[in-house]
């Protein structure tokens, strides 16, 4: 994951401090630059940030200074903004991550367009020999009921065969990639008798579980949107692992916003007009079942799940 | 512009400092929160920032630490990125301003969509009694040659009449706004016998030179794009005055990027394929005039102006 | 609103038709170019569109042709996409409007950044002598309970005074604008002895209820987001009037998407984690009041309103 | 590339026409839905479009009808808009493509964020057994001078070995992917004794030259920006092949815009402030060489190349 040299660079960066007049968050400063491991070779680390809970309030009020209101008033305003989807004040805080992640995860992640990204270039440089191999507890069979979901765990020989395939195919294609590049770490040819294939071509031989890395910067509003989608139970486990690690950085950074986010987004449920009508009948004491509800089986099931009831 | 109370809030904010591990720029810290006056009642002040020249380089290299390269190597990379329009590393730095500006300037400015904005709400609050009145040296007649440009200065009675109209119309409509609102500073009715008109309606009586204010946050790449358009000689003077004030903050913040921006954007010229063909003929010693150039009069004139030659 | 000459241009455009292989919607074709009046001088008219309900399905399936599935299957997929916030297929349909609207409405509207806009330029051209004056049934006093809301209607002398102020201030500032411009319709000076003020300056004398106009283009996903915010009861009446007129065009254009939007957005309600806990207690038969709920008064009130119950 | 069934779907779509009042472009209608082959198994086909050259002009003028100006006036306005980077009118036209492309090309392409995308989902469906294998004339060695460029062609045994590796690794990893999925075309297990691995996991075994496909929709301004970057000689050949195919659709669609784009973008050159100073000295008759120019060797070389001169 992180080599000794890289950790030394990180430690050096952590050791250097400066005086600033900017909004500063000690709990996030404590985490700064340090890598949180994710999956088998990946990580997330915070590189920089701008703003804090008070800065969100300050922007919402377009104020001249930091203000003299109580913390409780600020928290109340943040809850109000979150509840009524006043998103612009949350756009006033910004965070930057360095992430190491498998390419197939990067391909899902990049679909969120409201972020700034600098990816390590395999046209320009050589990728590390690191691949994501699922741990046994995440090696799932295809779900029968959900075309884009997972079913039971694979076990025994079936699991062993899959792990063996993933590992050996990744290693073989990587080794062939390195062979085609024909490049020593110092840039000289490994075999002086051969020309190396252009990097921008050779990379196409790599498998999608190869790790890449990027700098990814996002404002808080769009980060929360990303996290609400990617910490969801329907998100693929591998990207959820990154979202969960980032959620912990948000909690350290903007605790009031995080609390409101948990209440009004992560733990919230939206009922359609049809579901709302059923809810009113239920609250009026009527015993409603799926047929009487007028909802499809699927929507009925989702509604009962949200209410924690048996369908 | 800034009241004594507001300046006290700003001073208090400037007095408070903290330790940070983040990239910090002393020259910009020195400016932080302080208002730079623009036009007669407006200002620009930097509220927060993220990143510096080195952070742009770090993102371009997707590196683990701040690196050990020389400053000159960083400057060279920044010039390369600017020249080849590799914009993503410049998106990795971010800045936030508090701006007070006339509404008609705000309407031009907001057309730049790649920024985050929180504007003071006249649905919610009452605007200040402040209007932009051009100073005599900016009171220009309509240009004859350019439908969206200025011609000679108005002087004498003509100037006096215009200034008188602008001033008296702004004051009358503002006073009628205040009358319709019927609201004392503490929120009580001025005249208890009357109901005040809803703020969201009363504001429509204000003229477009009334000042508003906002928090405006933008990444460096998009800020430079904004500045290249709005510091241009074709931009309306009133928005150019803001762009010029912001340009000075960019110079303090990211001096290497600023130098590259001056060379490859502000001072650069783009020649069309047709102009390039003419240029090659001229360099080969041919005396080309407009007719022989194949360019339209307008394009020929623009080309000669760029080359500092008489048409 | 629309002059005879403008209507003739519209009629000419409506009379011309062509053959196309593109997805075509007869119900929207019937409306095309025709202006729907909004407020006293404004309008909305559809200028162009791309896609239909089937095109959304086709994009979701990344298919080669229009497919042979039943309409009911398509409707089911659209409901699924809407319910699970799979927004990208709805981005595949696009619509373009021409809108005439008061400047203060334009200032709210432009905050939606994910659209393309061409506004009539008052730097370049002269605005029409048209202002929004609220009709008596929309002339509301400031709300006591909601800082950005309306309370009772103004009536009698109070109403008459407000209408008189709005009308006379708008006319006076416009007439002074025209006087300062000193320009006849053919561009010649009205008074040859005077120079006209530059258009880009003169416009600042106009009040915010002056009408402007623009071309506004948006994809269906972002349009629905705009409409969900701006048809909401908390939106200011004047922009809601435009949103309501546009909603009718969406119903004609993509009826399946419109039905799903009504069910899962317009008529839907989101309950926070805290509200959901209360709901479960109520469904279990407990009589919960605000104090026992653990919710703030405001949140309790919002929850009861959503359930159609007395607080 | 396109199967017989898919071509039948395309032909059926091409056969169906309707009457429309919308702006319609016969030259683009003729191409509609038809696939243009790109690389060995890829294609680009236009699925839908909105607007034409006249619609750009209409938006720039915010007009009521199609207008009565001459075609030459429209062309002049389009040239003016392009030259002065007035981008918003070009955002008023929109186009939608269906593209089949290797994953490593898709990863470059997706970096352009101002577009709408629906990609074929390998979480949900199974990818085709198709991989990009470069043709011999594109099998280049790494460039010695440009870290992200290509050098000489590989030939003989070296070429044969590379092609063999690319082909056999892609086939082996695909066959293992299919084996792990254990799914027949009808969804039944190939081997009923085994559970198939979840699709969302199995896909990670594929190599980056596997073909994917997507619907991609973009406005004309952002499309031109994409094309100016991706038809450039510095762009990787494989994405340039797609950009070139799309350029032909733009020429058919908006010929006036295309002509202006060629003159003011594709064939244009930007000289920095430093280069401009050198240019003026050269035009004044001075013989300037690199040393005397004050430019770096690289910038001098780029300038001489733009002027078609020996350095």
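A, B, C and D label the chains in the order they appear, each numbered from 1.
As a convention for this text, a residue touches a chain if its C-beta (ideal position, glycine included) is under 8 Å from a C-beta of that chain, and two chains touch if they have at least 3 such contacts.
Treat the numbers as computed from the prediction; the structure is a model and nothing was measured.
Any chain that touches chain B and also touches chain D is listed here: A, C.
If you compare A-C with C-D, the chain pair joined by more contacting C-beta pairs is C-D. Note: centroid distance chain A to chain D, computed from Cα atoms, is 29 Å. Spacing of chain C relative to chain D, judged by their CA centroids, is 35 angstrom. Under the contact definition stated at the top, the residues of chain D that touch 2 or more other chains are 88, 111, 117. Interface residues of chain D facing chain B in the complex, by the touch rule stated above, are 83-85, 88, 111, 229, 234, 262-264, 266-276, 279-280, 282-283, 299, 302, 306-309.
Residue ranges of chain B in contact with chain A, taken from their complex: 2, 6, 8-10, 12-14, 16-24, 29, 32-33, 47-51, 55, 58-60, 62-67, 88-89, 91-92, 94, 96, 98, 116-120, 213-215, 217, 219. Within the complex, the chain C residues that touch chain B are 102-104, 106-107, 110-111, 113-114, 117, 121, 123-125, 132, 134, 139-143, 147-152, 154, 158, 162, 165-166, 169-170, 172-173, 176, 179-181, 183, 194-201, 203-209, 236.
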